[in-house]
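These notes concern the structure reproduced below.
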Amino acid sequence: MTAVLPLDLAMAALLSWLGLGLLGFALGGYQTLACRAVFPLSTMGGLLLAAAGLWASTATPDVLQISGPFPVLPWSFRLDPLSGFFLILLGLLAAAVSVFATGYFRPLPAAALRRLFLQYQGFLLGMGLVLLADNAYTFLVAWEIMAIASYFLVVTEHEEEGSRRAGFLYLLIAHLGALAILLGFAVLAGVQILQGGSFAAMMQAQLSPFWASAAFLLTFFGFGAKAGLLPLHIWLPEAHPAAPAPVSALMSGAMLQTAFYGMLRVDFLFLPQAAEWWGPFVLLVGLASALFAVLFAAAQTDMKRLLAYSSMENMGLIMVAMGLALIFRAHGLNALAALALIAALYHALNHAFFKSLLFLGSGSVLHAAGTVAMDRLGGLIQRMPQTAFFMLVGVLAIAGLPPLNGFVSEWLLLQAFLLAPALPQSTLSAVLPLAASGVVLSAALAAYAMVKFYGISFLGQPRAHLPVHETGRWERSAMGLLAMACVALGLFPGVLIGLLDPVIREMVGQGLGQQGWLWLTPVSAQRASYSPVMFLFGIALALGVAFVLVWWRFGRPLRRAGVWACGFPLRTARMQDSPLGFVEPLLRIFRPVFQLRREALSTAAPRLGLQLGEPVTAYLYRPLAATAAWLSAQMVRLQQGRITVYLLYSFLTLLLLLALLR
Amino acid sequence: MLVSAHIAVWGTSLLKLLAAMLLLIGFAMLAQRRLLTLIHLLAWQGFVLALGTALVALLTGQTELWYSAALSLGLKALLIPAVLHRLLRRLKVRGDVEAVINIPTTLLLGIVLVIFAFSLAAPISALTGTITRGMVGIALAAVLLSFLMMITRRKAISQVVGFLAMDNGLFFAATSATLGMPMIVELGVALDALIGFVILGIFFFQMRETFDSMDLSHLERIREE
Amino acid sequence: MMLILLVLACAFVGIPLLGLWGYGRPGGWIFVAVNGLTLLAILALAGQVAMTGGFTAGHEQFVVDDFSMLLVLVDGVVGFSTALFSRGYMVREAAHWQLSRGRMRLYHVMFQTFLFTMLLALLTNSMGILWVAMEGATLATVLLVSLFRTAEGLEAAWKYFILCGVGLAMALFGTILLYFAAQRILGSGSQALLWTHLDGVRGQLQPHVMAIAFVFVLVGYGTKVGLAPLHNWLPDAHASGPSSVSAVLSGLLLNVALYAVLRTKVLVDGAVGPDFAAHLLMGFGLLSLLVAAFSMLRQRDVKRLFAYSSVEHMGLATFAFGVGGSVASFAGILHMLSHSLTKSAVFFSVGQAVQTAGSREIQRIHGLLEHSPVLGWAMMLAILAILGMPPSGLFLSEFLIITSTMHAQAWATPLLLLGLGVAFAAIFPRLQGMVFGRSPWTHGGPAPVAMLPVFVQLALVGLLGVFIPVVLVQWMQHAAAFLS
Amino acid sequence: MAANLFQVLQTLLVLLLAPLFAGYLQNARALLQNRRPAGILQPYRDLLRLFHKESIIAEGTSWLFRATPYLLFAAMWLAAGIVPILATALPLAPAADVIALVGLFALARVFQVLAAMDTGTAFGTLGARREMLVAAMAEPALLAALFTASLLSHSTSLSSIVDHLESLRFALHPSMVFAAAAFFMVLLAENARIPVDNPATHLELTMIHEAMILEYSGRHLALVEWAAQIKLLLYVGIGIALFLPWGIAPAGDLAALPAAAFWLALKLLAAGAVLAVIETLLAKLRLFRAPEFMATAFLLGVIGLLSYFMLGA
């Protein structure tokens, strides 16, 4: 070991997380001390990790190998710009969330807290290892560790049947996904897999088109299961709400992105000789997921479920961008592929920040109001103003409004779409803009959903009498940090894009060139330009001028009075829209998608409620489960108790085999 | 020691006769309805087996085959059938052996099995010496026949009889086809047979005290549903 | 050279000792002591093998090589920890079923006999003695299965006795044919059944005879391995015996039976060529995997559940050996080792759970974590390990099996995935139901020390997944090399 | 320097012109419905009156409610500095291209909706959800229309679109015809005009925009109304820039200014007339027909896109 390298730094950070888990387990008895000690330290670890990632984007990739189960199968790690970028994401997110956790988990009983420390830090560790792994075995072990740790976190309230079901669903799909990924690796690495399948060897894999497509489909299925793409998403809206808020934040913000990382690493880097149809396929799946998810997000009545569906939507958008990149690269338009990739990575980072911000916020609401059921909330902005403000930033960001970060990535994505005419294949280039308007639709609906999210729970009158109070200092500061990150990412896209440059070069061989900090001109100044800073400055200026003028000329004291409401005398909280009522038009338009059922909510106070069904479960998973049950019923017939029948089995087996010999 | 040629010829044909008898008894068992006769047949089979072993010993002059001949005479022809007989009386197991399939069909199946066994063993017997030519086929046929019998019978005891008949078939294969396994193995096999038989005895009494019947239908409770 | 005999002797003297004092408190302790000594002897033997490699002893009647050494090692470990577990466990069982002193003595004697026969089967050089040992093991365990004299136990034991008896008869016939073929080259006499000699001449053995012999051996020993459709005895026997017995049935017996099949496979490969045996093994393996997986999906009885899971894992290992090639065979061996360590751990914890709940109904077991964290976590970890979650050795073996299948027999991978997925879907929710939730029981759970064997074995399994000691790796590689 | 002058000029011009355009519209409608028009300057009077009135804050509302009017106004004002109504290549123009402009309008809308929900009345939420629905439906159509133009001119920045379209003058683009139709329908919807909304109603069955601003009064209401008028003018301006861009002066070219002003006046008169005619002829749609209206717009936009790719124009 001559000099310290980024990889060593990253490893140190991960080890510190491991140690902190054990420390927390040891200290668990003294809740306050443990929380105040462990979580801030793991924030440090996160920052360290982010620093390592940042450093890696400039340094040359370095490799670390530790002797593994047997000599030819080592534990091997590698840190290149791509991993570096995701390490930054993970590190920063972990840092912020840990600050939040410091305050959030303090009330837990000692036993639960001990376990939580191990699982929380193990979860972080697992994600970090996934990003660093450099051979199939290491990757899969890390992948499963991540899955198991997060599983335990999901079933923290294991007394509830629901959270147990969620956990099972989650781990089952994660396990199947892992098996698929394993097969994909096996295809990619060929004979070499038997030495653990080092990624370096997979890069050189020469596959026939058929096997390349097989590997692509297998890995895309596997990672898609983790990313919650359309048919495989059912675990997501169950698991994310079941977990405690900081964990949901990490799952949505970071864990889903590890799936995206896997796709970039395997489906993009290892399979350069992509088939024509991969890109459109990915794009289609992404778009379908996004639209489906955003509709269901809008229809949810539970804050965390809404956010979970919206995570699925954002993953869908990222997939759209990646599909676009694949399409461009398949036709050798690497510059355009670079633009699409930047959009995808940028959105990944944005999503990490605003989604975790929103999850943390709803966690605060849960602690403050004791519920996240929107039909019992309302008017929180009065009681928890600071949380409400940070949440507002998050909502505006996720709704894709300028000058915040969500808009930047969507803008980049649309710009990439508008370059479609460069494609030689005319039908494709004709269809892509339609996909673009699909993206716009999902963005607009997302705005609808988020407006509902914020308006119903934070504005208006309280729908139930709950003792609400502002959350603790730690929580608020964490949310503040994340909100600032959203603003910063929104204002200075040029900086981040410059930072992404090495990653993009690694992926497609050429970058976008440096952007100024003020102007964002991905292609050329007269093609398209956007300057969030001037944008913000303009609005601020106009606002100030207007305000000053109005006050100066017509400034009269304001008077508070009851609402007018077209002169209707009575005004009760029940007269506001209910969470479902607010999206009633959508429910009406997309009736076939949500399988609406009307049913009496309570016999005591008879009133009808709407129940949403999950079409995928109804039309895909139930039949599957039924088939499996039927098969097992047939299997079980074998074991029907009569010894003579059992003897008959072995007799027939014997005769059959002997007959084969003849 | 060397034996003169015509004894060898006579002996070989005699051995073939015994083998045929073994098979015949197997069929008889398959056809038999009454338990008591079944046990007698078993005893006869044991006797034939012992005779055959002795004959092979005489022909090949392997001394340890005499021991195994004595062993099978004692165990298979005398001791086990006698004990079974007593068990039958002690446990008051009466009446017929109701078969799962009716007898003629069973016999038909048996014939098919024998043909199958011969055709399977044909290439083997081609490369055996004069004495043991075709013995593998017969032994295989005997084993399969007793297997069939175990499948088609409903009473615990009749299954045991089938099991022992199968054992006889194996012994026959061991002695006449391979001219005797190594002694240590023979002893081990015999020991296991003995222990197994003892355990069987224990079982029967346990069954009696739990189900007070020897019918297998009591032993068909455990199943998946 | 004497060490082999020492191992066997250690195991053997236990039988008369326990026959004299095998009841009450001393019985349990003697049992532990005997197996502790055996384990020490085995470790010594392992040391020697590590230094000098495999060797024969006692006029070539006994042999130890890399493959058998591995299994003997696992035998020693599992045997010892089972003895430890059985001490406290059987005291409570005896109280619950009012077992007489005689019955306890019977239990210990038979158990020790079983362990002895296992070692004998692994260490003997003669295929005949191997058969004798297997038969002896069957006879020894029959009475253990029906130890409680319940109607159910009796039925299970009877089925076990008859099915395995018939199976072993087939195996004997196969052995005879083997001898018959060997005679042609090695002449009559005991050396014609000695493995070392047979291995030397396997190329010259008559193919047709060997093929028939292998079919009989496969059907015979396969019954004891629990290959579908010959597995029907297995769940019954596992369910109705004491959990300590289920642990060794799954942990040792199945392994040794598979070992016997593999020994024969090597000879047959030499005579007939590799494909014949390979196809049979793959077929049986896949069939067992699928049948077991789907049977678990509706299982209500916790011990039957894990009996089927043993069928599943044995099927997987068999399949691996069928795929062949140095890696797949390596994976198969690793799978056998990890499985017997893990599965016995599972049965230990399940046994405790069943004692706590007083029922084998999965529905009736819940809230173990709350009732006694140590038991809850023991069960949780053991079952996660058996499901092939890292860092369990089973994860590594499944990793290797699936990957090597992918590029040797790609067609089979969907079936493998189906089997593994269904098995997961079958076991995991039941695990959650048993471990999580509220605990209805007030009385204290098992003492942490009673769970020690579980955690030790799990630690070993974890080691197999993270860093396998170099010696073991070499042994496994040699074994894999000669198996394929 | 001159460019900056243009910048200031246009920003102020749009600001001051907006009520006038609204007044013109009202008058034209009145005449068409043969009512006596209230005079073209009426909107100015209304605004002034409102500014002088005391403004009341509804109880139980938060700072959002109070901040929103200023924010709406500011947003529209910024937009007024970007859209090339009088001149292209304004200094501020690069700050936001078409997509960013749509984003800017969306920002304003979201704040208005949130403010409406802040009042916690049945009307507030009702208006809010209707507004969001219409917006969600309209935006894809709008983008489809804009894409046609920007694909044609390989740019999304309005200035360069205008330049490009000007350069190929009087070339007939079938795709642009469809796009224009789509854009026009969106314009009607986004500015709360008949047939989607009725600016002059207070019946809860029909109103969308009005329902959201019910609780505003005094200067707040004035700002909101003014912002709405600016928005309408801006939309018309964008329409003009996209579909009849001829005569827009390049920034800094003082000589071209009079001509540009003349052309602008002419186009605005024409556009106002068209709007008025439409609003007289059509009736307000039932609310649940609105999505179909939007879908039609979207379809037109799509046809525009496709015809661009099929006919290459």
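All chains are identified by letter, namely A, B, C and D, in their written order; residue positions are counted from 1 within each chain.
Basically, a contact is a pair of C-beta atoms (placed from the backbone, for glycine too) under 8 Å apart; a residue touches a chain by one contact, two chains touch by 3 or more.
Everything numeric in this text was worked out from a predicted model, so none of it was measured.
Listing every chain that touches chain A and chain C alike gives B. Of all chains, the one whose mean C-alpha position sits at the greatest distance from that of chain B is D. When C-beta pairs in contact are tallied for every pair of chains, the largest tally goes to A-D. Rounded to a whole number, the gap between the C-alpha centres of chain C and chain D is 79 angstrom. If each chain is reduced to the centroid of its CA atoms, chain A and chain B end up 70 Å from each other. Chain D has its Cα centroid 36 Å from the Cα centroid of chain A. In this assembly, the C-alpha centroid of chain B lies 102 Å from the C-alpha centroid of chain D.
Looking at chain D, one finds that none of its residues touch two or more other chains. Those residues of chain B in touch with two or more other chains are numbered 120, 147, 150, 159, 219-222, 224. Looking at chain A, residues 636, 639, 643, 647, 654, 658, 661 sit in touch with two or more other chains.
Chain contacts in this assembly follow no simple pattern; the graph is neither a line, a ring, a star nor complete. Two chains count as a pair here when they touch; such pairs are A-B, A-C, A-D, B-C. Listing the residues of chain B that touch chain A in their complex gives 100, 116, 119-120, 147-148, 150-154, 159, 216, 219-225.
Against chain D, the residues of chain A that register as touching in their complex are 378-379, 381-382, 385, 388, 392, 396, 399-402, 407, 411, 414-415, 418, 421, 426, 429-430, 433-434, 436-438, 440-441, 443-445, 447-448, 451-452, 454-456, 459-461, 519, 525-531, 534-535, 538-540, 542-543, 546-547, 550, 553-554, 556, 558-566, 568, 571, 573, 575-577, 581-586, 588-589. Those residues of chain D that touch chain A in the complex are listed here as 51-52, 54-60, 62, 64, 66, 70-71, 73-75, 77-78, 81, 92, 94-97, 99-100, 103-104, 106-107, 110, 113-114, 117-126, 128-130, 132-133, 135-137, 139-141, 143-144, 147, 150-151, 154-157, 160, 202, 204, 214-215, 218-219, 223, 287-288, 291, 298, 301-302, 305-306, 309-310.
On chain A, the positions that touch chain C within their shared complex are 67-71, 111, 136-137, 140-141, 144-145, 148, 155, 158-159, 164, 167-168, 171-172, 175-176, 179-180, 182-183, 185-187, 189-191, 193-194, 197, 628-629, 631-636, 638-639, 643, 646-647, 649-650, 653-654, 657-658, 661. Interface of chain C with chain B (complex): residues 126, 128-129, 131-132, 135-136, 139, 142-143, 146, 149, 151-152, 154-159, 161-162, 165-166, 169, 172-173, 176-177, 179-180, 183-184, 188-190, 192-193, 206, 208-209, 212, 236, 239-240, 295, 298-299.
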